[in-house]
Amino acid sequence: MILHLLNRSPATAGTVDDALAAMGPDDRLLLIEDGVLGALPAQASLFTGLAGRLFALREDLAARGLLERCAEQANIVDVEGFVTLTEEADKTVSWF
Amino acid sequence: MILHLLNRSPATAGTVDDALAAMGPDDRLLLIEDGVLGALPAQASLFTGLAGRLFALREDLAARGLLERCAEQANIVDVEGFVTLTEEADKTVSWF
Amino acid sequence: MRYALLVQGGPYSSQASHSALRFARAVVERGHRLDTVFFYHDGVYNAARLAAPPQDEPHLGDAWRMLHDEHGTELLVCIAAGLRRGLLDEREAARHGKAGHSLEPPFELTGLGQLVEAGLSHDRLITFSP
Amino acid sequence: MRYALLVQGGPYSSQASHSALRFARAVVERGHRLDTVFFYHDGVYNAARLAAPPQDEPHLGDAWRMLHDEHGTELLVCIAAGLRRGLLDEREAARHGKAGHSLEPPFELTGLGQLVEAGLSHDRLITFSP
Amino acid sequence: MNETEIATGERVTEGDLLVILRHSPHGSSWLREGLDTALVAAAFGQRVSLLFSGDGVLALLDGQQAGALGQKGTHGVIDMLAMYDIETLLVDAHALISRGLSTEDLLLPVSVVEGAALPKLLDQHRLVLNF
Amino acid sequence: MNETEIATGERVTEGDLLVILRHSPHGSSWLREGLDTALVAAAFGQRVSLLFSGDGVLALLDGQQAGALGQKGTHGVIDMLAMYDIETLLVDAHALISRGLSTEDLLLPVSVVEGAALPKLLDQHRLVLNF
């Protein structure tokens, strides 16, 4: 299982598309930095099919005022959870 | 009349969309750097409505091997033509 | 006409500096005046005096200096953007208690007001960004 | 586990360095070893010794040095990416005939092979890019 | 704010400098650097308009905080705009809507711009800078 | 090249390092830096695969030249791949097609990857680096 990191907003569509196309059926996706803009409910349709495998970094949501505006499908993790996700994955691939 | 400069490839969709949305009916668009990837015929549909107002920089097309692969709708200008375009426009706005 | 350029891309990391330099030469060849190049965002790294690119690649810092020497173009570096990125002239280095400096003439540290001034007082301002 | 980080974003210009540093601290707090941080692309600017950010903002260079001091993490800067961007230690400055230097220990200039080595010899390599 | 009625009945903002902010807070320095440019221009007595577009609309969202390392972000700068007499705050309608946001999510009252008003806005300012 | 037949009959490339190249030549240093990483890894005896994806497919286009200031570009590096025993050159099908390109436009013979083969490719390499 691979952990994919995405730090670009959905406005950078090419990056989001490339990350999703590279994901296997068990892979996980963690939204960090501007990637957390993808956690807005309006963007939820981008990430359908990732039920239980979509994560968003709490600190980056909070800094942007998005913590209370986050779609339910995104599992919120703090930086300790980020470390755990990297422990559990065989490897980590960053998309930017 | 405003000259708009676009240096991002269509893969950075948000930038292309924002540039196009800001263009008035007489404004011109010059594709430079990775923006010239928009001059491929496959991307032509992005720029319909810009007949006669779409330009692409020769040097940047040539460096990427795109000079002979360019869509007909794009007027090819060299850097001297780039200077002329800035002379003829009231101002220049860069999108990136 | 009087032109000013705004350069916001780092050398080598993006093509912005190359594009700006190429455009700068074409502007002066056409007989326009290029009074000012303002470096902001990562563009300030163009002023790094120790840059040592490979011999077979263009040396952007030298090329900017040549533009200054031949055409009197002022090379203005935003001081706020420069300081946080480690670009200090001798005066700023002394003021911040640092030994050594990373920026020297003809590049000049200056305030952001000079960008606004350049934009509004010239016939044309052209921006090159990463 | 043994971790390595790859940092490719410039300090301040992008959040990548902040994210990497935050993750680095969490990794060592969890009891993992963070052997190596490799700086590539604009990440090399993290090593600029003269950086003088405003007092009320994090000083990334100092924070990396502290990580090295407290946890022995090696701070490796790609020499090819560094030289063209003006990051030279005393030895490279001398070799290129430049007076002064812009990078000093604990940051070390090193070859790109060290990135490959770090990636393949550690349990985890995490990349932070702009 | 400087507004003129135009033929179609739309109000068009005029000014010396239009700063377009297209980047999100915290992710990069673009937003901060664009806002700083606007503040400096206003301090020099120029008539400055701000257009929040693309991810730049996030700059106006309420509830922003410092980053995990104590990075200040830009919400403090937003609070200073009025002090610098920057009162022309414009938001691209499409940018808001496509992110599922409304003006009620924002820190400050803003004017919403859409369609043909956007090119007119660029036309009516002497200098336009994108960040 | 190291290939194994898998259950579905698709061939999957295995290796130590997969370098994914997503950026165009000349526009930034990403492509050059990614290729350099691949060359170094190969020189160290690692089994390296390259995947050209997104705008990275432009790296393989024939007819590339130096830039207007004499910037070398990356086509010279592409010519060196075989010398470094980097023989696994993969291209994302969607990236080619959406740009109206075909394998006949390319400098070198490549394998085209699409659909479920893409995640498998990442899975089969110990280390995956994006550039």
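Going in written order, the chains are labelled A, B, C, D, E and F, and every chain counts its residues from 1.
Heads up, the rule we're going with is that a residue touches a chain if its C-beta (ideal position, glycine included) is under 8 Å from a C-beta of that chain, and two chains touch if they have at least 3 such contacts.
Here the structure is a predicted model, which means the values were calculated and not measured.
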Note to self: I need the common contact partners of chain D and chain F, sorted by label.
What the structure shows: A, C
Next item on the list: Over half of interface residue numbers shared between chain C and chain D means same, under half means different, so which is it?
Entry: same
Item checked: Farthest-lying chain, centroid of Cα atoms versus that of chain B -> D
Item checked: Chain pair with the most C-beta contacts -> C-D
Item checked: For chain D paired with chain E, centre-to-centre distance based on mean C-alpha positions, whole Å -> 35
Check: Whole-Å distance, chain A centre to chain B centre, using C-alpha means?
Finding: 33
Check: What whole-number Å value describes the gap between the mean CA coordinates of chain C and chain D?
Finding: 26
Notebook entry, point to check: What are the residues of chain C that contact at least two other chains?
Noted result: 12-13, 15, 22, 41, 57, 125, 127, 129-130
Check: Which positions in chain B touch two or more other chains at once?
Finding: 7, 9, 11, 14, 33-34, 59-60, 79, 91, 93-94, 96
Notebook entry, point to check: On chain F, where are the residues touching two or more other chains?
Noted result: 26-29, 54-55, 67-68, 71, 126-127, 130
Checklist line | Listing of all chain pairs that touch each other, if any do | finding: A-B, A-D, A-E, A-F, B-C, B-E, B-F, C-D, C-E, C-F, D-E, D-F
Checklist line | Interface residues, chain A side, partner chain D - complex | finding: 5, 7, 32-34, 59-60, 79-80, 82-83, 86-87, 91-94, 96
Note to self: Which residues of chain F touch chain C once you look at their complex with the stated criterion?
What the structure shows: 26-29, 67-72
Checklist line | Contact set on chain C toward chain B in their complex | finding: 1, 3, 15-16, 19, 22-23, 26-27, 29-30, 32, 124-130
Checklist line | Touch list for chain F against partner chain D, complex | finding: 16-17, 29-30, 33, 36-37, 40-41, 43-44, 46, 126-127, 129-130
Margin query: Give the list of chain C residues in touch with chain D in this complex.
Written below: 10-13, 41-42, 45, 48-54, 57, 83-88, 92-93, 96, 98, 100-102
